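Below is one structure; the comments refer to it alone.
Note that the chains are named A, B and C in the order they appear, and that numbering of residues resets to 1 at the start of each chain.
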């Protein structure tokens, strides 16, 4: 059986060794071990060996101030809050020593002292509670739960929602994407218009009468694409020359052959 | 011992789990109209003197080893569970004063809170944020979790050791309220400053 | 039921352990000369008709939910899942190109296959291994299952719509038909738009 009462120590004074001057030195050496001025005040208050409700605040103030004095004498680095507390306590001491002035704007000394007493009591109480709590039975230390819990086994079955349309779409998209991926834009063989104009100007002079456009075409029996390009360029060149007034064009019917003939005057002029 | 089928089901469900199960969750496995509470009480009694006990923690049910066998099973707490003095003190303040703000914890301890302290406590899963207080600055308040109750074998925050005494002594009150009581002792101490704990239930 | 202290200890030890405990290991916690076997047998019997049973597995002892209550700890869950885009495309390729190896799918898709993709497809039951190909490395080939045909309302895999139908259905609308023909060169080449130049001849 656990016995929390053993740890329970509401007054905190039975177990606490009294502090005399020598202990105060000890206190100072351990200053790093304290968690702030309130912690030190509580330790000092305990040294009065009375119930916290009964402690003498004036005595506590003296204890603290002498503690700070000694610490400074030993040139210990004191955090600012220790000094702030010292200043406040010095102020409190002056209030406690002065006769009470009811009309004064100053805070009530008794109330300030009560406030400090309460803070010390509260800190002491929560420390005792913490000790009791931590010494009570704890899971994984004093009691245990099922070591090998049997968890719920979940038998999951999955259903997949998919339509034929989605499969088709996926395949179509894939095909399209791969198609784009494989495009290889080869440079198509081109018979340039410049070349065509040059050829036409050269040949058309030798033709006296109306001559079909076909007869001016270069021949590329091995290369259909180049042949097509040449046809297009020769036609364009014909139009260009007609625009420049160098040749006349005739087409007797829709889709019929195009005939061209050099303009006489220009020809003469050109030659 | 002849057990009813319902009791066998409850026993199996709670025994299988390493976490406490609520009466409602357990009831879902029994036919409607079953008096689950009564069955659980009966089951609890049948385990009362065994090596494993049925206990009511955090308002839920679980099996755990009997406390008197702790000597046999006691283990060192894992490293991660070993909390610093400051963390333990902070945990106690949060437990007894919840919902409590960081500033209030600092006020009670008289020192500003170390950066990591709250993190460590949140990490243990014992402390959780409880929401913001409707005061200027809307500070976050903290309290304890179900895991905290389970860890210390408490059915509710009201079962915290020494809580009644602390409350009666006014040590859980706000300083100003406490001072008011010191100056004008009131008849009805219970009335005033209801425990914030109530928010948890 | 009054239990002996020894029985309580055994009960607690087995309950709290995260693995089955041997008779010897259990005996170490009891005073020497205790008949551990007999105690365990007694404990086993006391749990025989309860929701939890003490069982001996491979010479070691553990608590286990009674077999007839195992259903309590099982949950049947049906979950609807969606296939990833990659999985759908892989499924489509397997359907259109079967029998096809993993390497071929990767080659067709132009990306390496994610580890889980084939697993997921096999899990759907729509894809199945068709056997190994008689080529070096003997790679596994995959195709669609009967469940695939049933699920998609097809009589046979030949009923899968071809590219032409995909186009007719408008699924390839945004695709340059001329480019698509690079993939399917035998299709529709005659209908390809004549170059306007031809009109001149």
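Structural remarks
What we mean here is this: a residue touches a chain if its C-beta (ideal position, glycine included) is under 8 Å from a C-beta of that chain, and two chains touch if they have at least 3 such contacts.
Worth saying up front: this structure is predicted, and the values here are computed from it rather than measured.
When chain centres are defined as mean Cα coordinates, B lies farthest from chain C.
Once CA atoms are averaged chain by chain and compared with the all-protein CA average, the nearest chain turns out to be A. Centre-to-centre separation of chain A and chain C, using mean CA positions: 35 Å. Rounded to whole angstrom, the centroid-to-centroid distance between chain B and chain C, based on C-alpha atoms, equals 43 Å. For chain A, residues touching at least two other chains, in rising order: 144-147, 150-151. Chain contacts: chain B has residues 15-16, 63, 65-66, 73 touching two or more partner chains.
Within the complex, the chain A residues that touch chain C are 144-148, 150-164, 166-176, 178-183, 228, 231-232, 235, 255, 258.
Those residues of chain B lying in contact with chain A across their complex are 15-19, 62-68, 70, 73-78, 81, 85-86, 88-89, 91-93, 95-96, 108-111, 150-153, 160-162, 165-166, 169, 171, 175, 178-179, 182-183.
Residues 1-3, 7-13, 15-16, 29, 46, 49-52, 63, 65-66, 69, 72-73 of chain C are the ones that touch chain B when the two sit in their complex. Those residues of chain A lying in contact with chain B across their complex are 1-2, 4, 8, 10, 35-39, 41, 81, 111, 114-115, 118-119, 121-123, 125-130, 132-134, 136-147, 149-151.
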